[in-house]
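You will see subunit A twice below: alongside subunit B first, and alongside subunit C after that.
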Partner chain A sequence: MKTKGMEIFKRIVKIAVIPAGTLLLVFLLCSANGVKLFETEGNWILFFRATASVMLTTFALSLNLNSGRFDFSIGSIALLSSVISASICTSKGLPSAAMLVISIVAGAVLGLLSGGIYVIVKLPPIIVSLGVALFYEGLAFAVTNGYGVSFVANKELTSFPSVLHYALVILGGLFFFIFVFDYTQFGYDYKALLSGQKVSVNMGIKEIPNAVGCYVIAGALMGVVGFISATNTGTIQMALNFGSIGVMFTAFLPMFIGGFIGRFCNEKIGYLLGAVTTAFISLMYARLNVDSSIQQIVTALILVVFLIYLNNENKVIELVMLKKHLKKKTK
Partner chain B sequence: MKKKNVKKYITTLTPLFGLLVLFAAFLILGKMRDINISYGLKSIFNQSVVVAVVATGAIFIYTLGSFDISLGASVAVSALIGGMVYNKTGSLAAMLFVCVGVAVLVGLFNSVLASVFNLPVFVTTIAMLSVLNALVLVLIKINGTGSEIAVPAAAVKALNTTTFKIIVLVIYLLLCIFIFSFTKIGRMQKFQCCNPICAKLSGISEKKMAVIAFAMSGIGVGLGAFLSIVYAPTLTRNTASSVGMNVIIAIVFGGMPVSGGARSKIYAAVIGAFSMTLLSQIMVMFNLNSGIGQMVKAAIFILVVFLATSDQRGKMLPR
Partner chain C sequence: MKKFLALLLAAVLSVSLLTGCGDENKGGTGGGNSSTTPNASGTESNDTNTGLDMSKTIKMGILVSDATSAEALAFRNYYTEYIQEHYNVELIYSDELTDAAGETSAIDTFITNNCQVIISFSSFDRAAQIQQCEDAGVYYAVATGTLTEEEYETYKTYEHYIGAIGPSLDVEFETGYNMAKHYLDQGKTNFAIFGGAIPYYTEMHIYRAAGMLTAMVEAGGEGANYKGATDKMSIIGQIFADGEVTTGEIGNINISGYVGGYDMDDAWFGKCAQMAQTPGLEVILAVGNGSDFFGTAAAGTDVLIASVDAYASSYGEAMEAGMLDYLAGKFSASIGPIFIASYRAALGSPIRTSEGNALALSQGYWIATSAEEFNTYYAVDSSVDSPAYTKELLDTLLTADYAAFEKFVSQYSFEEIQKMK
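This part shows the complex of A and B:
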């Protein structure tokens, strides 16, 4: 009984060590500069928004990437779905809840098209996603004549940002993702295809509907990301020539952190904690007014160092054990 | 059997047919709309040459089944440092040397990170993309007027000719063709991608192959940076901003398989780069909205790659 309790405690420590360690570090850095990490309501909103947006992007990216399908088009889906929903809502005077629903539906339809093209042309997903990203960016540009969409003065649509709303989005997204991938036949098939494509197909698992389903879900999630981004600023700016793919890069660090934490708990919880970790870092950047170029370098370095550790974990452990052994011997 | 061979040749030559069709379309439309065709062709060449040079070097990385997304940012950083060196020394040779040197160093750094620390190449290059993009901003801030680093236009005017650019492209292309098709390196790289275990058992070093691929790509990036300065000597944060993704598109459009291996073709990059620019130019001639132009370009891109790879589709979905 005692050992079981100890095991659970150890597991909780392993799950919490990265987000808690990051929180401690950013808290100390902010304190050293005489700044409070969470001083105003705006800081809390920023934190929850970053967590929601990054968590959903991480879900959308990992969903296909874990199956070997690299998807460059997720940023363009977020862009186009928000353009569609914002255009409809501003012209019809609809509230933000309607904009959220339209964004999700538009994202899902765009994901369906993307997945549909992939299964029809049977080209490597990276190529299809490049073409789709170009197409959706072009469509968003053409629909708005390159001017984008602005609804800064629309108080109804720009009233969405609040801690409660973002918390609901986080919980809703997490429960949906866990339910679909851990408690449905679709999720079991997904996992089977992920671990052995050929065997699963030969066993009779239908790969095409599963792949298309993944694209639809990823699209719907990116619809929410587009909605969060649009309602935060009240404007949607256009991007051509792959200007939309930057969104994807925000999800790599939380995805790898989530993968690591996922060894000790449900992987989806890991992704959430990965997003929380990066949200702490984003908040610190904002509170300390860190230059954007320094932010990029620091984030990239954290990613590289973390990956070096992950890919050489056994060697690091061996080295630590060897040092301990040598210390004992010299004593 | 014969029918199969004909089909194989047709699919292999599809990208080249695509280029010829686009070229013919450009000439016909140009005549119909009474545009200055020689000026248009010069403009197409100027727009394509940087992507063609960078993409030709990148074929070495793609042949290994790897992928480098940071090439555009690397062109920008190399060009900025090259420009700074020219402004300090006044020497074009020093500028060229620094452009190539910086680009090769960045490539080697990527390959060392990937091979020594066992990191996935793609993720390494994503991190490098962030670092290099940030470095572009830092370099411009500390060394320029705040928004640009300018090399005097008069200094590079003599080199800003089609002949010079053709010479650079042809020499580099021939060097790459020689290494890729007439030395052991090209064969070893294809083998490494097709069957890494057999390659290892045959004594081929994976790390060595990665270093060579990134070094060759670095030379292309450096030359691309030099040509970027020659064409547009005022360097800003937008310098070469679209080169990175255009390189990927050009390589695929030219008929190179993304999975690398035995079907890799060194000339794919040049065909792809010129095809993409011709396509963009044709869109401009139609006076299409930029968005619609990009949509048409995307559709043609997928169609051409679909036709060029029609003999490679299996029962399962590709990954």
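This part shows the complex of A and C:
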């Protein structure tokens, strides 16, 4: 019983070590500069918004990437779905809840189109997704005549940002993702295809509907990301020539962190904690007014160091064990 | 089957590139060079008044490094929807350029396309552009902005360098100065500054910020200074050295917040919101677009926002809603005179200064401080039937000498232009 309790404790420590360690570090950095990490409501809103946005992007990215489908189009789906929903809602005077629903539906449809093109043309997904990204960026530009959408004066739509709303988005997104991939036939098939595509197909699992389903879900999630981004400022800026791809890169660090944490708990919880970790870092950047060039260097360093660790984890453990062994011997 | 798939993918990519070109009447952007069909209704083919042979369609290449900002779209709209409709020209737009290598490549493409003139909105490497066009015997003009004095001295005698018309760095400085002074005169003392592209060392933004700081030094009382600097040049030098504006007190004026760059990530938007909600803040002075980035965060507070950009409908809405208080905007037709100078060069009647040098003329902004004022300016600026510089006005430049041309450009205020009509 004692051993089991100890195991659970150890597992909790392993799950929490990265986000808690990051929180401690950013807290100390802020304190050293005489700044409170969470001083105003705005700081909390930023933290929850970053967590929601990055978590959903990580879900959307990992969904296809884990199956070997590199999807560059997710940022353009967020862009175009928010353009569609914002245009409809501003012209019809609809509330933010309607904008959220339209964003999700538009994102899902755009994801369906993206997945449909992939399964029809059967070209490498990296190529297809680049074409789709250009297409959606161009479409968003054409729909708005290049001006984007601005609704800064629309108090109803710009009132969405709040801790409660973002917390609901986080919980809703997490429960949805866990439910679909851990408790439905679609999720079982997805996991079976992940572990062995040929065997799974021979067993009767239909890979094409599953792949298209993944694109649809990823699209819907990015629809929410587009909605969060648009309602934050009340403007949607246009992106051309792969300008929307940057959104995808925000999800890499949390995805790797999530993958690591996922060894000790549900991988989706790991992604959430990865998003929480990056949200702490984003908040620290904002609170300390860190220059963007330094931000990029720090973020890249964290990513590289983490990847080096993951790739050499066994060697690190061996080294630690060896040291312990030598210490014992000398005693 | 593979062939079919390859074709299908090619079609998808092609559609995406074409779709990026905006609507069917609006020229292209997004991928590949795109041209708009010439429609010179009302163009004299061989004008007896001007003595210029305008029967042949002149191809002009337009270099752009920005295809999505309000300013870039307004300029494009004026060229494609008005100029091209009234003059016998074909305007070919480049991709959205991102570096000097892209500029070189786009100019090569224009030359291959038999463009006689290149009008540039892109400034990654002006010197290389001018040299490349001179070597190729193609006319080159700077659409908006000006060269530095040093650059102008180097290139002013080049036969194919037409010149530059736009806000000089002195005008940019004045724009920032006047914006800050507008609020200092009202007794405001607590400011925040949005530095836009200052971290990327964009001169016009640095000069605008320097103008703001200079106005604060002047209004800050005895001994007021910005990090020890008290005059225009030393303040500009200080910003260049720091790559940012430093917060703090300038005499009895307080700069309580600063955000620069256009990172558009969570941390950056967090910084913007934090700055807009700084306790006691009265005014946000933006060297670029302010209301889009700070409007929502400042909503519900008494913080006033001042911007420098162009006349776009979204700014009108922001002004109506009280989210934008002051706009120094470029008017879209301001690029009309450089078009005429380029057109004349292509028709064999280039305009030069009395010393035979290229043009270097300065223009300023239209300032709107109320929604009514904005709407008056916007109605003219967005009109494709009767813009600020109509064909009738521009035609007077076809035969103008340098003095008349210079005078025309210098009368850029809204009232002066209306008087000319």
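One rule holds in what follows: the second predicted complex is superposed on the first by the 329 of 331 C-alpha atoms of A that agree within 3 Å, B and C clash if a C-alpha of one lies under 4 Å from a C-alpha of the other, contacts with A are read in each partner's own complex, and residues count from 1 in each chain.
The rule is simple: a contact is a pair of C-beta atoms (placed from the backbone, for glycine too) under 8 Å apart; a residue touches a chain by one contact, two chains touch by 3 or more.
Just so we're clear, the structure is a prediction, and the values are computed from it rather than from any experiment.
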For this session: Give one word, clash or fit, describing how subunit B and subunit C relate on subunit A after superposing.
Result: clash
Exercise. Which partner does A:170 contact after superposing on A: first (subunit B), second (subunit C), both, neither?
Worked result: neither
Problem set entry | First (subunit B), second (subunit C), both or neither touched by A:146 | both
For this session: Check the residue A:124 against both partner chains and state whether it touches subunit B (first), subunit C (second), both, or neither.
Result: first
Exercise. Looking at the overlay, what does A:208 touch: subunit B (first), subunit C (second), both, or neither?
Worked result: first
For this session: Identify the partner contact of A:138: answer first if only subunit B is touched, second if only subunit C is, both if each is, neither if none is.
Result: both
Exercise. Now for A:237: first (subunit B), second (subunit C), both, or neither, which partner does it touch?
Worked result: second
For this session: State whether A:40 touches subunit B only (first), subunit C only (second), both chains, or neither.
Result: second
Exercise. Given the touch rule stated above, what does A:290 touch, subunit B (first), subunit C (second), both, or neither?
Worked result: second
Exercise. If you stack the two complexes on chain A, which partner ends up touching A:69: first (subunit B), second (subunit C), both, or neither?
Worked result: first
Exercise. Hey, which part of subunit B ends up inside subunit C in the overlay, 26-34, 44-52 or 242-250?
Worked result: 44-52
Exercise. Common interface residues of subunit A with subunit B and subunit C?
Worked result: 117, 121-123, 127-128, 131-132, 134-135, 137-139, 141-142, 145-146, 238, 240-241, 292-293, 295
For this session: Would you pull the subunit A residues touching subunit B in the complex into a rising list?
Result: 67-69, 117-119, 121-128, 130-135, 137-143, 145-146, 197-198, 201, 207-208, 211, 238, 240-242, 245, 249, 252, 292-297, 299-301, 303-304, 307-308, 311-312
For this session: Would you mind writing out the residues of subunit A in touch with subunit C in their complex?
Result: 40, 42-43, 45-46, 49-50, 53-54, 117, 120-123, 127-128, 131-132, 134-139, 141-142, 145-148, 150, 152-153, 155, 158, 161, 232-235, 237-241, 250, 279, 281-283, 285-287, 289-293, 295
For this session: Please give the residue numbers of subunit C that touch subunit A in the complex, ascending.
Result: 5, 8-9, 12-13, 15-23, 26, 29-31, 67-68, 70, 73, 76, 95-96, 98, 199, 244, 258-259, 261, 263-271, 273-274, 277, 291-293, 295-297, 299, 312-314, 317-318, 320-321, 323
Seminar exercise, completed: As the complex stands, subunit B meets subunit A at residues 67, 113, 117-120, 123-124, 126-131, 133-135, 137-138, 141, 241-242, 245-246, 248-249, 252, 258-259, 289-295, 297-299, 301-302, 305-306, 309, 313-319
